[in-house]
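Each remark here refers to the structure printed beneath this line.
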Amino acid sequence: MAVDLSHVPHVVELAERTAAFVREVVVPEEERHDGVAARGGEAMRVRLQAAAKQAGVFAPHVAAEYGGQALDMRGRAAVFEEAGWSLFGPLALNVAAPDEGNMHLLEFVASRAQKERYLRPLALGEIRSCFAMTEPAPGAGSDPAALSTRAVRVPGGWRIDGRKWFITGADGAAFAICMARTSGEPGDRGGATMFLVDADNPGMKIVRHLDTLDESLYGGHCEVDFDGCVVPDEAVLGEVDQGYDYAQVRLGPARMTHCMRWLGIARRAQEIALVRASERRLFGSRLGDLGMVQGMIADSEIDMAAARALTLQACWELDKGHSASQSTSIAKAFTAEAVWRVVDRALQICGALGVSGDVLLSRFLREVRPFRVYDGPTETHRWAIARRALRTATR
Amino acid sequence: MAVDLSHVPHVVELAERTAAFVREVVVPEEERHDGVAARGGEAMRVRLQAAAKQAGVFAPHVAAEYGGQALDMRGRAAVFEEAGWSLFGPLALNVAAPDEGNMHLLEFVASRAQKERYLRPLALGEIRSCFAMTEPAPGAGSDPAALSTRAVRVPGGWRIDGRKWFITGADGAAFAICMARTSGEPGDRGGATMFLVDADNPGMKIVRHLDTLDESLYGGHCEVDFDGCVVPDEAVLGEVDQGYDYAQVRLGPARMTHCMRWLGIARRAQEIALVRASERRLFGSRLGDLGMVQGMIADSEIDMAAARALTLQACWELDKGHSASQSTSIAKAFTAEAVWRVVDRALQICGALGVSGDVLLSRFLREVRPFRVYDGPTETHRWAIARRALRTATR
Amino acid sequence: MAVDLSHVPHVVELAERTAAFVREVVVPEEERHDGVAARGGEAMRVRLQAAAKQAGVFAPHVAAEYGGQALDMRGRAAVFEEAGWSLFGPLALNVAAPDEGNMHLLEFVASRAQKERYLRPLALGEIRSCFAMTEPAPGAGSDPAALSTRAVRVPGGWRIDGRKWFITGADGAAFAICMARTSGEPGDRGGATMFLVDADNPGMKIVRHLDTLDESLYGGHCEVDFDGCVVPDEAVLGEVDQGYDYAQVRLGPARMTHCMRWLGIARRAQEIALVRASERRLFGSRLGDLGMVQGMIADSEIDMAAARALTLQACWELDKGHSASQSTSIAKAFTAEAVWRVVDRALQICGALGVSGDVLLSRFLREVRPFRVYDGPTETHRWAIARRALRTATR
Amino acid sequence: MAVDLSHVPHVVELAERTAAFVREVVVPEEERHDGVAARGGEAMRVRLQAAAKQAGVFAPHVAAEYGGQALDMRGRAAVFEEAGWSLFGPLALNVAAPDEGNMHLLEFVASRAQKERYLRPLALGEIRSCFAMTEPAPGAGSDPAALSTRAVRVPGGWRIDGRKWFITGADGAAFAICMARTSGEPGDRGGATMFLVDADNPGMKIVRHLDTLDESLYGGHCEVDFDGCVVPDEAVLGEVDQGYDYAQVRLGPARMTHCMRWLGIARRAQEIALVRASERRLFGSRLGDLGMVQGMIADSEIDMAAARALTLQACWELDKGHSASQSTSIAKAFTAEAVWRVVDRALQICGALGVSGDVLLSRFLREVRPFRVYDGPTETHRWAIARRALRTATR
């Protein structure tokens, strides 16, 4: 078995069908709503997902048992990048954050009963979900050990108290996976536990929609309050105090699927720039014949190729069951910055047009900027990468 | 007379008063409207400008004859940077684009009668104006020689036909300075003429507001149609066919005043980041004690110091009556990129908070991005800089 | 067959043995001679190659028929990177430029007789060779079509006239593969032919050793004069006028093997920096605990991972028989810059020590700088990458 | 007194004469010896300095009393940049490191007797000197507080013990200014004292020449041993325990004069690249007409303009008697990196020629690299800049 970089035929074929579906069905909806899914509303979500089911491209990452095609991480790399060609592509395929990561987590950790109750309808697109981990400063953010939301035992269950923010998709979600401290103190790591909290729990409230630079993710980014939120014992996901480990189960792959989807947007931005560079004339030359424009185009090609290769490397390690913490950090840190550069260059190539709403580039720029912050800011990953390198060198 | 980098006492004092005025009076309005001047509306503009007059900081660049303090370019460098601390500061002082550049141009080129009719009320903030030069592709943009709007002689005047876009402040402007081709063909330079067109001219119409990444400039960016727009001979600004030279009169200084104002925003962004870095704790350290954060802070300090020094250099050359085309290109190219980097780093330092609307950083990021495109994209300036360097070397 | 990034066991095992051999046998010789192979001389070359044969790591890329292990490009990627850990590693394994690329070319193109005469002793390390293509300006360099050395028919053979420079390893080479124009004119492409020229041909003369920034390559970089150099018909390598195609056969893989070897040096540099960062204390901290140092370490880890992944991608395409021109350009452009950055950062981390000769970092810096120029300057590759991207987008 | 960026006429005239002298007299010597002053030897030093005296450009920074022209820092900025056009220019004018900085220090701190004995012959070029502060790890380097060389009182004087390295110009110097700890322990700051040590003191020995990446500085970089080195009380420079303050007197200006001189080399490198770009044709174009080359040329113009402006800003502050620690850090950090980029781009533009010894670019690259390390590595300055910015923001 030598190094082989070709995807299995099934994946290649599914990626191609996904690409066609996104271009034909999804892109028109996206452009109609200027890339803001909320403007399309629930009707659009239902319509797009129905179309994706019909096209046989829906929820490809989920186990066959739950209606999917059980793509491994490498297969997702090929397919999600195609879904990412449109800001609405992941929503249409039901592979958008945070649902996609939540399904991944539930498949690994949930009990059979929890799977039936939460995973099955989620995988079918009947409901949506959110993942409530991040907290406003000084709580859990780049540093998970700062977790300050607490869950304490009450008869028959737990009571959760704390404040979360940047909870993507919270508005309209049927349930939240909430991470709360069940032992130790903020600042030391201690133990955390994940809880499945139904949206109609009176102890969980959406306080506000955060007004963020990015706007495309369905359900927005919300600030969510857990105030005397009582859940039964069955709401514990996996085991008590194992939350940090489960978070790793979710975070590594979720980082990679972000990379895949945003790489799709980078390619789209580059495509817009290439078309513009082919058509527009400036100073008597075709824009694409000007050396500085060529330099930007090439740098973006290089950035995308490297991002794709690093992501695939990490996916392969994950599929093999390795921890892959170094390779996912490397792939995430590189891809978040690379995608940003690619979109920025595309906008620059298009000039005034790029700044205008007549193409979606400025929308893309706004959407990809936060990726350098969420799922670990670039600096946090670089810090982790360096520490591992130092450990290895001095062993 | 040796090298001296201190501003005259009058300028120092005016800059200090401007700084205080902006912090006390303007910033609260800006934050109330999330940095979008249009949300404050005409009432806010009038209110802010009245306050600026009272504070003695209004229209400092205009000749005393028209109510200003006749600051030279070096003086503007000190004062406009302080005005730029808020997105609304330049509007409050009546030194915002495009009015500020138009006043500068009118002072140089307009006849006495034109000055009374257009410059005086403009300088007093009684009316606003716009500058109609940029055209959609394949018209005049980075390459002014591509100018395709035409003016042809008709009895007693001229008829202008053509399409302009990215005409900042057009909505609500009392008049436009329109640049139109009066000889030659698009692609060669030929001759252009500037015309003063009243907003009630039936041949001039605002077609639409462009939906752009930036939103703070009052009056928006508009697409404007000149369709059989007839103007009298008195509407000619300066002389026929001298438009390209007048454009230079306007563009060099206008580039520099952009740099000054945006440098103010960069400083503001850095201030927000510094405060955050001083207060926020992460991984057991103060954010500002982490080396990678320090690296970003320092790079921004260096960027701002260099931008300020290059801008001042160009201003000094302009004040001495030099062409300053190389130094304004260098200052503009560097400052546009530097300001962008500074705001981007500040946002990154603030993390999730920076992405949210809870601070204005993502607003600033959106506002400064187009500066890398307008008034000559960075690449166009670099091209011009290189050509001049090559000419000098091989002379 | 899904994506698989593990090397075959034989390659893994060979790479490990190579790594051990280089550390134990080669590095001491390198350090003894400050990384300049010429200082070790022919005695050292013979000694190192004998040791490599004994260790079973010699000439692993060559066909078994000629004493090698017939590694494909992917296998070379794993093994050559380990060889590259020392500047003398490739020489020891007989996989240094230009011999390695020449063997590759001869295997593809040479006749049986030519293989016996030239390839066999070359593969055994009995002789060395050079590749005479590059010419001083205005001849063939970045632009191969500028080829100005000419070969014209004479009875029974050809007469070659022209000047070559940067001919690596020419001094001491037993033969040169010389590329000469056999039809067309400099500036158009026309036809080129490759000739095998024995070193004792009186028409070929080494004019001088170029004094270059890099000094480690054995046999130096020479300027070579072909003056009435007559060769027989049997000296034609492959077919007349097919030289440009053969150059491609050589250049794509040769670019990749450069990347592999230099990636080895980058890793070595990083290792030196990591050890230093672990041991050195500054401002009361371990150097490796300072955030800016961590940032540099991480960026280098990312750079190396991306370079390795892009190189492997291109190798896989080459092994599959694809043209791989885009992927080799991308890998070469990225790796040349990345290796440079890694070595530069390592030197910076080591500070004054890095600048001194007490570690080999400044030697490495000098050696890798030219890689951004040879085998196509980065800018030439970026230009080619952009043109291909534009073609694809507008098809 | 408004902002004025023109130098006084005397400085302008001296700078012009210096420029002419360097081009006509110094450059030929430099090229004869491939930029390595040691190859020219003492004979060349004497010859060049005599010529500089005759040309009236010698030692322009020194007080008139000692034969100079008492240029302030701003004047030095103009003149030293012209001297820096050649690697030997500063030596010819007697403004090379470390003598130039030592003269500056002696003027400020030395007693009248010390000035007669050390400063006068130094200013006349009759002797040379060195500055012995830097120590091998874990001693004083980036962190001066780590100073571990000690001086203890002995009857009638002091005994110095410790090891110094990177002592530029030590070989052949008539005396050293040695910094030694006279109170406190390495790691805390404590007190340091500067001593004037004659070269014939048996307690001071040059242990070895360090083999460094740069080679142009006369007298090399040496490792120097102080072993029971006894000096009389009159050897104390200034006052006991005030060494850290005196170091600041020397270091701020010395940083700036480094910037000036290296900016000269950057300009020279750019000039070589511009000439090449004007003459060389590639792919049917003049090299200078290719957009990527123009981009590199422009970036270098911008870098040099910013470096010059930042250096001048810091010089003006120094001349006004300000501490200037922030502005000298900013100027040094920016200039060291900018000069490196400029030389690197020039080499890249020249391609293979740039790598060869046929032009001096690879020599320049080697010489400017250490400037990013010495006089405070870029990272140390960025750390200091950030700390000052944080202090200011939170005051």
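Note that the chains take the letters A, B, C and D in the order they are written out, and that residue 1 is the start of every chain.
Everything that follows uses one rule, which is that contacts are C-beta pairs under 8 Å (C-beta built on N, C-alpha and C of every residue); 3 or more make two chains touch, one makes a residue touch a chain.
Values in this document were obtained by computation on a predicted structure and should not be read as measured data.
Chemist: Where the contacts of chain A and chain D overlap, which chains show up?
Modeler: B, C
Chemist: If you tally contacting C-beta pairs, which pair wins, C-D or A-C?
Modeler: Answer by contact count: A-C.
Chemist: How many angstrom lie between the centres of chain A and chain C, each centre taken as the mean Cα position?
Modeler: Computed from C-alpha means, the inter-chain centre distance equals 41 Å.
Chemist: Per the centroid of Cα atoms for each chain, what is the distance between chain B and chain C, given in Å?
Modeler: Centre-to-centre distance between chain B and chain C: 52 Å.
Chemist: Using the touch definition from the top, which residues of chain B touch two or more other chains?
Modeler: Residues 290-295, 379, 382-383 of chain B touch two or more partner chains.
Chemist: Which stretch or stretches of chain B touch chain D in the complex?
Modeler: Against chain D, the touching part of chain B is residues 1-8, 11, 72, 74-75, 270-271, 274-275, 277-278, 288, 291, 293-295, 297-299, 301-302, 305-306, 309-310, 312-313, 315-316, 326-327, 330, 333-334, 379, 381-383, 385-387, 389-390, 393-394.
Chemist: So in the complex, the part of chain C that touches chain D is made up of which residues?
Modeler: Answer in residue numbers: 34, 134, 137-138, 141-143, 146, 165-166, 187, 210-214, 221, 280-284, 290, 292-293, 347-348, 351-358, 362, 365-366, 369-370, 372-374, 377-379, 382-383.
Chemist: Spell out the residues on chain C that touch chain B in their complex, using ranges where they run on.
Modeler: Touch list, chain C to chain B: 290-295.
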